[in-house]
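Here subunit A shows up in two complexes: once beside subunit B, once beside subunit C.
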Partner chain A sequence: MGAKICLIIEGSYPYVSGGVASWAHQLIAGLSEYEFEIVALRAKEEEGLKPLYTLAPNVKALHHIYLGDAVKKPLFTPRKLSVKNEVLAALSDFPELSSFEPLAKAFYATKNKQKLKQEIVYSLDAYEMIEAAYGGFALVGKSFLDFFWNIRSLYLGVSNVMLSNIPKADIYHTVSTGYAGIYAAFCKINNPDSKMILTEHGIYTRERNMEVCLSAWPDIDKDAYLPEDGIGIYKNLWQASFKAMSTVCYKNAEKIISLHGKNNQIQIKEGADPAKVSTIRNGVDLSAFAYRARMSMSTPAVIGFLGRVVKIKDVKTFIRAADIVLKKYPDTIFLIAGPYDEDKEYFEECQKVVELLGLDGKLNFLGKTSSREFFDKIDLMILTSLSEGQPLVISEAAGCGAPCVATDVGGCREMIEGGEGDDIGVAGLLTPSSNPSATADAIMFMIENPDFYAKCSENARTRAQKFYDEKTLFTEYRRVYGELLS
Partner chain B sequence: MAGIGFDLKKLFAEKQGVSKANVAIKSVIVSTGPWLISIGTLAALLIFLEPNMREDEFYTLSGSIIYTFIFSMIISSPISNAATRHLSDRLYMEDFQSVSSIFLSSVAICAFISFLLSFSYVYFVVSQSFYALEVAFFFVLMSVVWVAMVFVGALKDYNAVVNSFAVGMTMGVFLVVVFGGYELHKSLACFSSGVAITFFWLSAKIYAEFGFDGKISFGWLKSANSRVLMATGLFFYSGMWIDKLMYWGSDKALSSATGFWFFPSYDFAIFLAYLTTMPTVAYFTVFVETVFYEAQREYLDGVTSGADLWVIKSLEQKMQKAFFKALAMTALFQVFTTVTFVLFTTFILDYFNINLLSVPLLRICAICATMHILIQVIVIFLYYFDFQKESLFVSFCMLFSNFVFALIFVDLPFKYTGYGYALALLLTLIIALAVGAYKFKRLSYYTFTSSSM
Partner chain C sequence: MGPWGFFGTIFAYIAALLTPKQNLSEAYAQKILKKREAVSDVAVSLAKLNYKQTQRLADRLDILSYKEILASNDEFKKINLIGMLSFNPTKENVSLVRSALADEIEMVRILASTSLQKMDASFVSNILELKESKEAFTSLGAKESQDYYLTIAQVYDDYVYTGLIAKENEEFYISGMLSCYKDGYYVAKNEEAMKKYIRALVRFGRLQEAKELCDEYLQTKPQDYGMQFWMAEIYFKQREFAVLNALLESIPREHITFEPYKKSATWWLDGR
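Up next, the complex of A and B:
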């Protein structure tokens, strides 16, 4: 066996399916000469939660870190925070966190981790630091109670990460910045012979910022969350914290990888060293996807959406686009394939929209389906995501010869129109996000222009073969791991 | 008690002249009524029986009654302490259905312990006869009456509390006079019947308000909170009595062939001194606790309604001031009452040349009563902010220090009687003040970090 890689994944593999999870599973299986240990970061421990993937034989251990892991109040509340000086030093230039390293070392050196966690949550020192921070922000008229709980939640997550054990590994490979990134940096700092890699699928800070803006917040002090002149102090606080986590991660990683060039630019803008930044595209096993040359759409046309039924995929835009198309082409068949148990409330909302628009029987939810069979069945793949890294479904659909209409997010443009050094031609159409009319227009354009559709189908397959074959992915990661280990 | 305090304060504000004096009397009756009525009727009973009863029977009966009065409070206070807190939590959660079960379980556990202890003591030490069973029933009734009183008090029906005690205890004396025949067994049975009336009155009040479902559950007693509160109640009341019990067991005590021991000089001085705290309790309930309660409400409202840190800090300072002002006012009132009382008592005793009481002992006991009430006030305020461990600590200090000083002082000459208790209370008061000051100085810290995450 080769060296040991510790793959650090937040809120995904092996318990949630999707792009990142598929990528992780594929990478581990593809690089069988390496041993892997997986650290799964999750919000909290859930009873009866079972992995959705069968772990490959080269996975030697699966560890868990629960960010919201509660800490019991001690009988006697501690006065002192033993790492106070290190915390103050690290926070002195927040969100830069230039002194993160001494802090990480101090946390690691602490023998009684449970005691330190209690100090962090309950000590007088920690409380006074929150008061001082509140004073520093000069939040006159803003709820201190809200500020206190926001900060407390934040540092509970960070301390749960930094008080966890460190699996011995040669490379700590994190799949995002955020808590996973902080943990990878923490591991690397305290295991000086090791290296650290970041493969960022989406840009974590941007995705979390979007979640923060969309999330519901307590309404004790509405002005603090939704003032007229911005997004609110507490949302700003969370955003600054995610930024700080990214900064630490970028600073400590030897290699910063993204799935497409556009994200590399964002990473640099967010503070990543351009010399560390590179692109390794996701790939699929094209031999598993039977190519069928498509000269025109079937009659009636079959339009498909494959993905998790969750908010960020914006399934409602797909449903509304279907409604528009069906007004002109009433026989068209719309299919939504993918698991819907991750956000049941959203799934029920989608069903309600289908019902209200009278699309029953014309638009069907298939649930979790084999992607190979699904792409063989459909003429056109639709992606309406609000945010993406480099969606595997486009590559898989392309492998089958199905063109794609996708929102212009993440790496979609590169996958549909081609990036640097790619003059194959368009393999579908791009649309703005949250725009059902634009999506519907693109679908109808494909129906009405069979030559364009056929060309897109051919280009899709060619691009997939050239740029999105998993063999390329494995070769690239072998090279990266090899470089770092040498 | 803050609820009744507000009602009485409002009455004070509305009334003038003589009416204001009536309100003052009402305040004393409402806030200390059950104890005054109990002490008054017990004293009346003993005065009535003494000339006509056989001496040994009289001493047995008076011993049984006085011991029951003291120990029933010690035994019921842990249960009452934990039960009232649990009851308040359930009422806050609007879980009115569980009131019946909490009450029934409190009464059951209290009755069980009371029966076991009192029966064992009387059977093995006093009299191995039917009388042991009679005393045990009387003891059980007194204990559960204190528990029921606390429940009805927590439901803010103070009139029911006072009325039930007035009617029940008076009826007890009346039954003794009419049917007791100056005979030990009959007299105790008659007085027990009166106490039973009080208990059933209070129970009826609880069940009329919240219904009776016959369910019983002891689960709430197992929580850490309940255990701390029970221990606090036990330590506080034991701490108050431990030195007296040790004096009763010493050579100074009047040995009784009936199995009850007393040290009348000290007992009487303490009894008189503690009587002086009754007006202070009323004053505290009406004028001090209400002000503190309002400051606390203002502070917590500020925190939960989204005040900024500077507003919270200013409310915190207001709380600190309220704490120290409350202590100062209570101390001032009690000192004034004590000085007046001691001067008056000394004058009366001198004037009539009565040598019933050692004046220096009365003085030191009066100082003890003053310190005791201040400690009690601090413990009450600690409860307000749920500083349970600290209340437990203060109560334990009182028990421990009183025990240690009693060990030292119990064999010293008579003139040192009461000084051990005084030193114990002084030490406890200093500790309680330090704990209170420390906690109230960091109130926001404790408030914000009080809940687990």
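Up next, the complex of A and C:
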């Protein structure tokens, strides 16, 4: 067996299906000469939770870190927090955290981790630090309880990460910044001979910022005029914390990889060293997808959506676009394939929109389906996501010869129109997000222009073969691992 | 001072606060608090001024309007503003967030889409919940039944008014709203529902339908002068000015108390 890679993933593989999980599974299986240990970060332990993927033989261990893990209250309340000086030093230039390394070492060096955790949660020192922070933010009149629990939930996650064991590995490969990134940096700092790689599919900090912006916080003042007054201290706190995590991760990684050039630019803007930054595209096993040259769409046309039924995929825009298309082409068939148990509430909302618009029977949810069979069945693949990295479904559809209408987010433009050094031609159409009219127009354009459709089908397959074959993915990661190990 | 500067400063302050043998300044924190309060007060006052006054003051006070924030290059400010607006799905806020769909920064566009989705979901779920609870409400009694139809129609109305719905899907929701107002009158016998129904029909240009309903209503309530003025509005939109004039002449002046109606009647009858 070759070197050992510790793959660190937050909220995904092997318990959640999707692009990142598929990528991880594919990478492990493809690089069978390496041993992998997986560290899966989750919010909390769930009884009876089983992996959705069968782990490959070269996966030697599956570890878990639970960010919300509580600790039993000690018999006597500890007075001191043994790492107080290191914490204060690290926070002194927050969110740069230039003194993160001594903090990471202090945590690792602590023999009695249980005791340290109790100090972090229950010590008088820790409580006084929160009190001082409350005073420092001048939160007069605001609830101390709200502040206390916000701060506690923030540092509890980071503490649980740094109180975890470190599997011995030659390379710590994290698939995001955030908590996984902090853990990877923690591992590397305490194993100076090892290396660290970051592969970002989306940009974690920005995705979390979005979620933070849209969440209700206890101190939101909805009547405030100025946004900085309206959003309150908690949003700022969480946004700055995610920024701090990405700073630590970027600083400690030897290689910072993303799926496409656009994200590289964002990484640099977020503070990554340009010399460390590079691109490795996603890839698919094209031999598994039977190519069918398509001269025109079927009669009636079959329009498909393949993906998890979750908010970020904006399935409702697809449903509303279907409604518009059906007014002109009433026989068109619309299919939504993909698991819908991740966000049951959102799935119910989608079903209700279908019901509200009277689309029962014209638009069907198929549930989890074989992507090969699905792409063979459909004429056109639709993606209405609000945010994407480099969606595998576009490559898979392209492998089967099915063009794509996708929102212009993430790497979709590069996959459909081509990027640098790619003059193959368009393989579909791009639309703005949250725009059912534009999506519907694009679908109808494809129906009404068979020559264009046929050309897109051909270009899609050519592009997939040249740029999105998984063989290229494996070659590139072998090269990266090899460089770091030599 | 960038977006993290203030935050970093505060954490540095806390670290200083807890590190022994250092001078502390509570006044610093109080100074920041006072400054933010002052800016808020000014912003509230600005809302009471006219456009010119606002412009002059805004130049001096370095306060940006929402439009200016969204037109700026400050990604951090933009996403925070969009997040804030997402909690209040009014027509103006939807328009502001929608304008951000064309922002050159992808994260701003993504957040704008997600915000619109969130605002949209709040209306859709309200409508569906109300539909599901129709039986429960309408069986409680006449008043509850009347309230029910008005409430659900108002949610449809607000939803259409915000501009959240794609034009092609709008007809469906307009029909839903009109149907609820109609049922509110014919099923629940709510006169308020009839008035709102007629106003909605006029708003969406269904003038003939509005006129017939208005006629029907005025036959039962000829003394409803407010509804007479709505009939006048319909005649105006249909360019039937002579009939409009005759209608206004038939209304006793002493019964016209609502100021806009008074002005309108004066203009039409006393001198154009």
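Before moving on, here are some points about what is shown:
Going forward, the second predicted complex is superposed on the first by the 465 of 486 C-alpha atoms of A that agree within 3 Å, B and C clash if a C-alpha of one lies under 4 Å from a C-alpha of the other, contacts with A are read in each partner's own complex, and residues count from 1 in each chain.
Note that a contact is a pair of C-beta atoms (placed from the backbone, for glycine too) under 8 Å apart; a residue touches a chain by one contact, two chains touch by 3 or more.
What you see is a predicted model, and the numbers here were worked out from it, not measured in a lab.
Shared-chain residue A:Leu88: touches subunit C; no touch with subunit B.
Of the two partner chains, subunit B is the only one touched by A:Val71; subunit C is not. Contacts of A:Gly135 after superposition: both subunit B and subunit C are touched. In the overlay built on the shared chain, the residue A:Lys168 is in contact with neither subunit B nor subunit C. Contact with neither subunit B nor subunit C is seen for A:Lys80 once the two complexes are overlaid on the shared chain.
Legend: residue contacts after superposition of the two complexes on their common chain; A:Asn236 is shown touching subunit C, with no touch to subunit B.
In the superposition on chain A, A:Ser434 makes contact with subunit C only, not with subunit B.
Touched residues of subunit A, counted separately for subunit B and subunit C, are more numerous for C.
In the superposition on chain A, the residues of subunit A touched by subunit B in one structure and by subunit C in the other are 128, 135, 140, 220.
Interface residues of subunit B facing subunit A in the complex, by the touch rule stated above, are 303-310, 312, 389, 442, 444-446, 448-449, 451-453.
Subunit C contributes residues 3-4, 6-8, 10-19, 26, 29-30, 32-33, 36, 39-40, 43-44, 47, 63, 69, 77, 79-84, 86-88, 101-102, 106-107, 109-118, 120-121, 124-125, 127-128, 166-169, 172 to its touches with subunit A in the complex. Residues of subunit A that touch subunit C in their complex: 84, 88-89, 91-96, 128-129, 132-133, 135-138, 140, 203, 206, 209-210, 212-214, 216, 220, 222, 224-231, 235-237, 239-240, 243, 262, 311-312, 314, 316, 320, 323-324, 327, 349, 352-353, 356-357, 386-387, 409-410, 432-437, 440. Of all residues in subunit A, only 70-73, 75-77, 121-122, 124, 127-128, 131, 134-135, 139-146, 148, 152-153, 156, 220-221 touch subunit B in the complex they form.
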